[in-house]
Amino acid sequence: MNMLQENNWLLSVGTFLPLLGVVVLLLTPKASDQMVKLVALVTSIATLAVGVYTAFKFDFDQAEKLQFVADANWISVIKSSYLIGVDGISLPLYLLSMVITLLVVIYSLDHVPSPGKPKAFFSLLLVLQTGMAGTFIAQDLILFFVFFELVLLPMFFLIGVWGGEQRQYASIKFFLYTMFGSALMLVAFLALFFKTGAESFSIPYLIENGGSIAKNIQIWIFAGMFVGFAVKVPMFPFHTWLPDAHTQAPTQGSVILAAILLKLGTYGFVRIALPILPDAAREWAPYIGGLAVIGIIYGALGCLAQTDMKRLIAFSSVAHMGFVMLGISTLTSFGVNAAMFGMVAHGLITGMLFFIAGSVKERYHTLEISKLGGMLTSMPRLGWIFGFCSMASLGLPGLAGFWGEFPAILSAYNPAEGLNETVFRVFMVIAALGTVLAAAYLLWMFQRIAFGTAKNSSSHDHAHSDDLHDVTTFEWIAWTPMLLGILVLGILPNLLFSVFDPAVKITLSAFGG
Amino acid sequence: MFVNQFLFLAAVLFCIGVYGVIARKNAVLMLMSIELILNSVNINLLTFAMRNGSTDGHVFALYIIAVAAAEVGVGLGLVLLVYRNKKTISVDELSEMRG
Amino acid sequence: MNLLAAETEVLAPLASGWFLENAWLIPVIPAIAFALIILIGKRLPMKGSELGVASMLASLVLSAGAAYQWIQRVNSATEEQFVEPVIRSWSWWRSGGFDFGIGQHIDGLSVVVLFVVAFISTLVQIYSLEYLRGDRRYTHFFAALTLFSGGMLAMVLADNMILFLLGWEVMGLCSFMLIGHWWEEDANSRAALKAFFTVRTGDVGLLVGISMLYFAANDWTQENLGLSGFSIRGISAWALSGEPNSTVIMVAAIALFIASIGKSGQFPLHTWLPDAMAGPTPVSSLLHSSTMVVAGVFLVARLYPVFFVGLDILGSGGNLIMFIGAITIVISAALAFVQNDIKRVLAYSTVSQLGYMMLGLGAGAWLPAVFHIFTHAFFKACLFLGAGSISHSASHHSFDMKRDMGGLRKVMPITFTTWIISTLALCGVFPFSGFFSKDEIIDNVGNNGYNTFMIVGLVGAFMTAAYMTRATYLTFFGEPRGASAGHSSHESHDDHASHDDHSSHGPHESGLLITAPLMILSVLALGSGLLNATPFGESWERMKLWVEPRAVEVVDSTYSGGPGESLIVNVPSAGEGSSKSVCGTSTPEIGVCYAPKLEHAKFKWSKAMLSMAIVFLGMVVSWILSMLLFTKRDARLVGLTQRVKILGVGHRFLVNKYYLDDLYEKVIVRSVAYPISSAAYWFNQNVLDGILHSISNLTRKFSGWVYKNIDQRVVDGTVNNSATFTKSVGTAAQPTQSGKVSQYGALLFSAAAVAALVLVIINT
Amino acid sequence: MQTLNIFAAQWVAPTIDYFGLAPELVLAGGLCLVLMLDLFIDERKKWMLTAISSFTLLAAMVPVLMLALSETEVRTMFDGRYVVDNFSLVMKAVFLLAGYVVVLLSSSHIEQGEYWRGEYWFLLLTSLLGMLMMASSRDLVSIFVALEFLSIPAYMLAAWRKRDPKSNEAGVKYFLLGVFASAVMLYGMSLMYGVANSTLLTEIGAKFTATGEFSAVHALAVVFVVVGFAFKVSAVPFHTWAPDTYEGAPTPVTAFLSVASKAAGFVALVVLLYTAFPLAQDIWQPFIWVLSALTMTIGNVLALKQNNIVRMIAYSSISQGGFVLMPLAVAGLAGSGTTALRSVVLYMIVYAATNLGVFAIILAVSNKTRSGEISSYGGLFSYAPTLGVLMTLFLASLAGIPPLGGWIAKFVAFQSLIQSQSTWGYALAVVGAVNSVVAFGYYGNVMREIWMRPVPDNDTTLISVPGSLKLALVITAGATLVFGILPGVGLHFADLAEIAGAIIR
């Protein structure tokens, strides 16, 4: 895999610019909130600008190659280096992280959750941004690991400080879960390092030499990575941190969590686990697929059982990521393309749903579905946006969700050679059933929240009618791009597929496409 | 030479000393038991030195004796300190911090 | 056989034209209009409705033009020549070697349906201008209505299954929005949910079917036609190529058929249709005449070769489609007898008419079925709009025939006339359109050797005549009752408060905006049949000429010609007496064909007379009974059902549907089984409804259980327990930290001693 | 008698390389100066002592640096009983810097209460001197002497608050157990001497089990010697003194014990393992394996239950010791000796920086709250954000979360375990991985207090941090961050540190 070196400063700038912003933030006096917000806003805008410039410089005709590659000496003693670069797989996620952060910052301008402290809040957001962007550009396992972990602490505090009632439990749980996963992942990385002759941690190098490892060892190493990534995704048995984290996190936290953090896991599968350990991947694929479909059905059932709007959306994430993992588990470039698309789509849609949940909470002071209702009468715009997102989320053709869901199901019909077709076809049918359940819980939620007549909010005294104002300006600014994204990607999916496809093909060359 | 007897003696002294440390509640007695252990060590060293015909053992033994003296000095000082504050030198009284 | 040797001649290129080439505009216009209405609709003088109407008119013009030019095209072709459909496609997106196209596929079928849909939609929109005037969500309504038509149109001219699926789903979504238009009422929103959900359940079949077909067909189509496995044309050709593995194509066909069952409200998934009446009347008429419910039938007609091969149509002893169709006909017709709500009567009649179409398709009567789509659209739309007009102007928004109607023929002459015409058409009385299509179906079913099903069809015709007569009598004859008698208002069926300005004065004829569509439709209900009037001989069978694809085209793969040009080889037609199609059974090696060859029944007056007699019998019987029952209050009939056990039971089975529905709603709410009811009505088809509900109810309970026990207790529990476990280990270890020096010493030394001992043992 | 005369006749005075001894000499001079001055200057001038002792420590750094830069790699004295090699130099630097930070921590703390500052500095410097000697000792005798040299002052420092029974208790426990442990160790040493017929480590290394087969004596000797230092590094089950002593002793002393004297213990342990009985790895590897696993685990689970911050940190430092021990459990295997050594040294460096930082915060906060309860940290972030953030950084580093120093230390430890590619190595790695997760349980708990809990009886008076503490915080925090973001720096020194005459496979 040859790499393009020019403009290799771009990625570093785009990644570490937020940290610069953090430094400035720390210097700004605590009192002047406006100043703090301004700095945060400017930083994230600048970051996005760099990102856009990167995309502009990106050579889409060679999307399969790593571009803007920078390779600097970092920890020579353990043969790990500061090797970064983006290709067709990384770039969209890299940009997505920047966009989402900017939108979240904009949304936060007048939605800093209690207990205030905007300075700390925005600093954490920016640190988070660095971690996410870095994870997507890192081409060295250790570097990847560092960024992967760098995300933890800020999210831990976002949940724990600005979260809901049970925030402390949720945050600790989130942290321990992920840390447990990444600890084993690290062990797996090290084993991989030594089994490939202790030469280098660089991912391209390992992709070349990883295949030579004996199969049974590959399987063990893969197991380690699997735990690490599956916790992040999250896949079925490891998912229980998600609902708590999502439910308790502040709106911004949930949005970032859903839009980007979950993708780190799936991205890890695509970028690291599959190409480096193809044989093990083949062995594991059926189990991954199985867990994925379990996740689909299971998440849907979980949703049907919820009475809390936000928790319902959280569980729907489990189901959607199930589709993504199903696509990945087919080991075909078609399936993985679907998965990649699903990642972006889910990022936009579920992120949007969490935004809405946040605004609902802010207006009704509750998320109990039974206490909501008649949103379409009291707040038509919000209601219709909500409907739009629900429809997108249940995979309505013409909206982004569909292109992640349907191709994933389709790809399961014939997985890569060497995988058991019948098993995957069964998965396909189950997944198709999953779409029905998806329709069930989403529409059910929509019907109960948006339809009917507005419940008089005497049950919770705070909610006066003046709280039930419709979408505000900041919300419009923050939401419009995502809504447009959902629509545009739904109509022109090729925008993304054309970027993913070449890179994915290369990545999966070990599986014969 | 009669190496084994000496070693055996040392071993016995060591065990007595250890027993004393564990069984005694009186700080001073514990100190004395530790001294017993140190002496058993000295006996060991000298025995081996004699057997191997090297002076290292003697030197080591001398150092141990000297250091032991210092230790006892510090130890008794501490015991006095405790006694002044608690009016007792039973170490079981010293269990304010635990868990 | 050496077909290459067969004599061949090159034909002139087929005529095409702007309208055909750019037919793809037809769905695009409404889509754009939808966006505009949403964005700026509220600010427009007519609240965006004008946009809707205008866009529908535009699509109507375009599709009319397309139809015209298609006819030109057909005429330009020779008798035996295959009329190449006008296919244009663009690559939409590609991924991993898969190419998803987007494009149009214009042939007779799509032209017909396009025209019908555009036409009906236009009328319905015009009608709605009056009917929904002042509704609180006027704009939203028109937006949804427009997008709805757009979805249907897109689906109709889709050239590949993905686009087809897209239109299909968009329609589902809009039906959700339209049925639930007055969603303040819980019942309406639940009906909407039910509709969407039921249809969605069927869609699993569509997803699975498309996927299977794609992977089964793709290689073949790529190789032989250079088309993707999604393209409808490719799939059809592949299905008939003798290539496909019989089980695969059968499973695929069944999967697809499940989808169309859901969409077209066939038994057993028909339960959502009556509830869908919760929507405003124009919606019901659009849904039931030309769009939503027709989609399922259209799917079967569109991918006919797949079903033809997969389900072995024309095989002996009938097939799944026929059975479903037949059952649906009878069941729903029976239900239609006991309805008091006029719209529900019509709804069930729609279901049973769809049953006819399915029956026809299943029996290889492709053309009559499509023709029935055509005619049925007009008179059913007319009937619904009529019903709407009544409730709008006479019965104060009530649809209850027994309570609020009767004797309306005097007050609303236009509505009455149009209604009568359409009713006759529906019953299939001779000069009216229904006769030519429905009778044709029954005729062909028999002709293809399915006599039992033909009898079912005739029974259906009898029942149809009967229940329509009953409805007509109740509505227009006898004494005015309730609201139509000008009585004071009562809580009414769909109380959209803003409408009560009408309730001030008594029953009267509706305004022009309502009656004009009625009249236009009734004219068509009367005349449209003549487009394929078999009785008057070949020259009248226009539909057959224009719409039915010429069965056989055998292309020499060595020959490369532009679209429309092709080498024709005369394939020896099937042996005499056999009703098998050449293409259906086998294909010449070098050949490709896109549609099975189908026989057509010769029209015989004798058969026609027979069915006519049955229909009239039905009308007369029903008329007399209704008169005795409802006007004369004849002692022998009134309360008959109470007196005669068996009749009573049967009657209740039918009537109690809604009562049962409520029961099951309650079952949901309280989630308690209702043993008596389920035991008493266990074989009542409405139990299906209960099953539907209790399934969802069950799922919900089950998921609740899973969530509570598996997720929270087991999965999450292990996590939390591990935490508590570590803590408890700590507690266990704490006593070592007693704070007692001597114990510390003991621990220290004993540990050392043990370690030494162990190591001594293992190392020596 | 005869023999003695002969030896006496042969005796010649050893040549002493004063440059090599320079750091020790400077330190010795400094502490004498402190002792003297303390007698003569009056109370108001006592601050001079602080200045002098800190100056002494920095001054002692100079020769260390010069030695490091001088071209002679290894200087041996007293025919190999006292060696100045890179390993010792690196460790000496660590000791001196750690000592300097401890001085910074102490200076404000010991003002409070009318206690004897002079003695405090004197004892502190003496103990440090012992550590410097420990770093160079390559002979059983000199190791023993150095050990006592650094321990005895430490006993007294622990009991330094004479009126505080807790402090007394701390001192006495530390003393009794320490002496007992060293006695046991001595018994082991005597046996070792008996077997190898020399007290010089390299000679022992050459002779000891050179043949490969062991007798009970060998095992006994090794175990007892290791126990002696396992006590020093408070490895479970020889840790029992640590929590009580740490809690009872004055906080700066606790910092000193938990960092410097622990490091000294590791130094001696490593030297012994690498030079005295490297060939006996079959004996000590399993032993260390068990010690490490126990230490990590027990330390963690007990730390989970603490609600006194110092005690919690005590247990945490116990479990950290387990992580340091981890690589030593495979140090005897082919190819992993070097990385194991590197890992231990790096871990000591990083751990020293981070843990001292933690104690700096504890001191700063206790200035205000006057309480050791973890709950007293509630809402710290809201009224003292800087302290809160710094504490978070330090704790995160201890928990081994990138990009803070701790992660690279843990990483290298794991690396050397897995490099051994032995089942035991993998097993211990997994144990370590699990433990590093559990550890976050209590670190996270403190973070939670700082960030998410309300301020106790919301007394949000600002905390006044004395300048010396500020300096200490800057040093430690800076080091923690640098080690984490540019791990090359720390690894460079760790890589330099080779033990002269070590037998590494």
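Letters A, B, C and D mark the chains as written, and numbering starts fresh at 1 in each.
Assume contacts are C-beta pairs under 8 Å (C-beta built on N, C-alpha and C of every residue); 3 or more make two chains touch, one makes a residue touch a chain.
This is a predicted model, so every value here is computed, not measured.
Visitor: Chain by chain, through touching neighbours only, how many steps does the shortest route from subunit B to subunit C take?
Guide: The distance in steps between these two chains is 1.
Visitor: Which chain has its C-alpha centroid farthest away from the centroid of subunit D?
Guide: For subunit D, the chain whose C-alpha mean is farthest off is C.
Visitor: Identify the chain whose mean C-alpha position lies nearest to the mean of all protein C-alpha atoms shown.
Guide: Checking distances from each chain centre to the full centroid gives A.
Visitor: Rounded to a whole Å, what is the gap between the Cα centroids of subunit A and subunit D?
Guide: Those two chain centres are 43 Å apart.
Visitor: Once you find the CA centre of subunit A and the CA centre of subunit B, what distance in Å lies between them?
Guide: It comes to 65 Å between the two C-alpha centres.
Visitor: Whole-Å distance, subunit C centre to subunit D centre, using C-alpha means?
Guide: Taking the mean C-alpha position of each chain, the two centres sit 80 Å apart.
Visitor: Where the centres are mean C-alpha positions, what is the separation of subunit B from subunit D, in Å?
Guide: Chain centres of subunit B and subunit D, defined by C-alpha means, are spaced 25 Å apart.
Visitor: Two or more other chains touching the same residue: where does that happen in subunit D?
Guide: 172-173, 176, 180, 184, 243-244, 305, 441
Visitor: Scan subunit A for residues touching two or more other chains and write them down.
Guide: 176
Visitor: Provide the list of subunit C residues touching at least two other chains, using ranges where the numbers run on.
Guide: Each of 723, 734, 737, 739, 741, 745, 749 in subunit C touches at least two other chains.
Visitor: Can you identify all of the chain pairs that touch?
Guide: Taking the chains two at a time, the touching pairs are A-C, A-D, B-C, B-D, C-D.
Visitor: Which of the residues in subunit D come into contact with subunit C in the complex?
Guide: So the residues of subunit D in touch with subunit C come to 172-173, 176-177, 180-181, 184, 213-216, 218-220, 222-224, 227, 231, 237-238, 240-241, 243-244, 282-283, 286-287, 290, 297-298, 300-302, 304-305, 438, 441.
Visitor: Would you mind writing out the residues of subunit A in touch with subunit D in their complex?
Guide: Those in contact with subunit D are residues 30, 73-78, 115, 117, 120, 142, 145-147, 149-150, 152-153, 156-157, 160-161, 167-168, 171-172, 175-176, 179-180, 183-184, 186-187, 190-191, 193-194, 198.
Visitor: What does subunit B use to touch subunit D in their complex?
Guide: Going through subunit B, the ones touching subunit D are 7, 10, 14, 17-18, 21, 27, 30-31, 34, 37-38, 40-41, 44-45, 47-48, 51-57, 59-60, 63-64, 67, 70-71, 74-75, 77-79, 81-82, 85-86, 91, 94-99.
Visitor: In their complex, what parts of subunit D are in touch with subunit B?
Guide: 3-4, 7, 140-141, 144-145, 148, 152, 155-156, 159, 162-163, 165-166, 168-173, 175-176, 179-180, 183-184, 186-187, 189-191, 193-194, 197-200, 243-244, 247-248, 305, 311
Visitor: Okay, in this complex, where on subunit C does subunit D touch?
Guide: Going through subunit C, the ones touching subunit D are 723, 726-727, 729-731, 733-734, 736-737, 739, 741, 743-745, 747-749, 751-752, 755-756, 759-760, 762-764.
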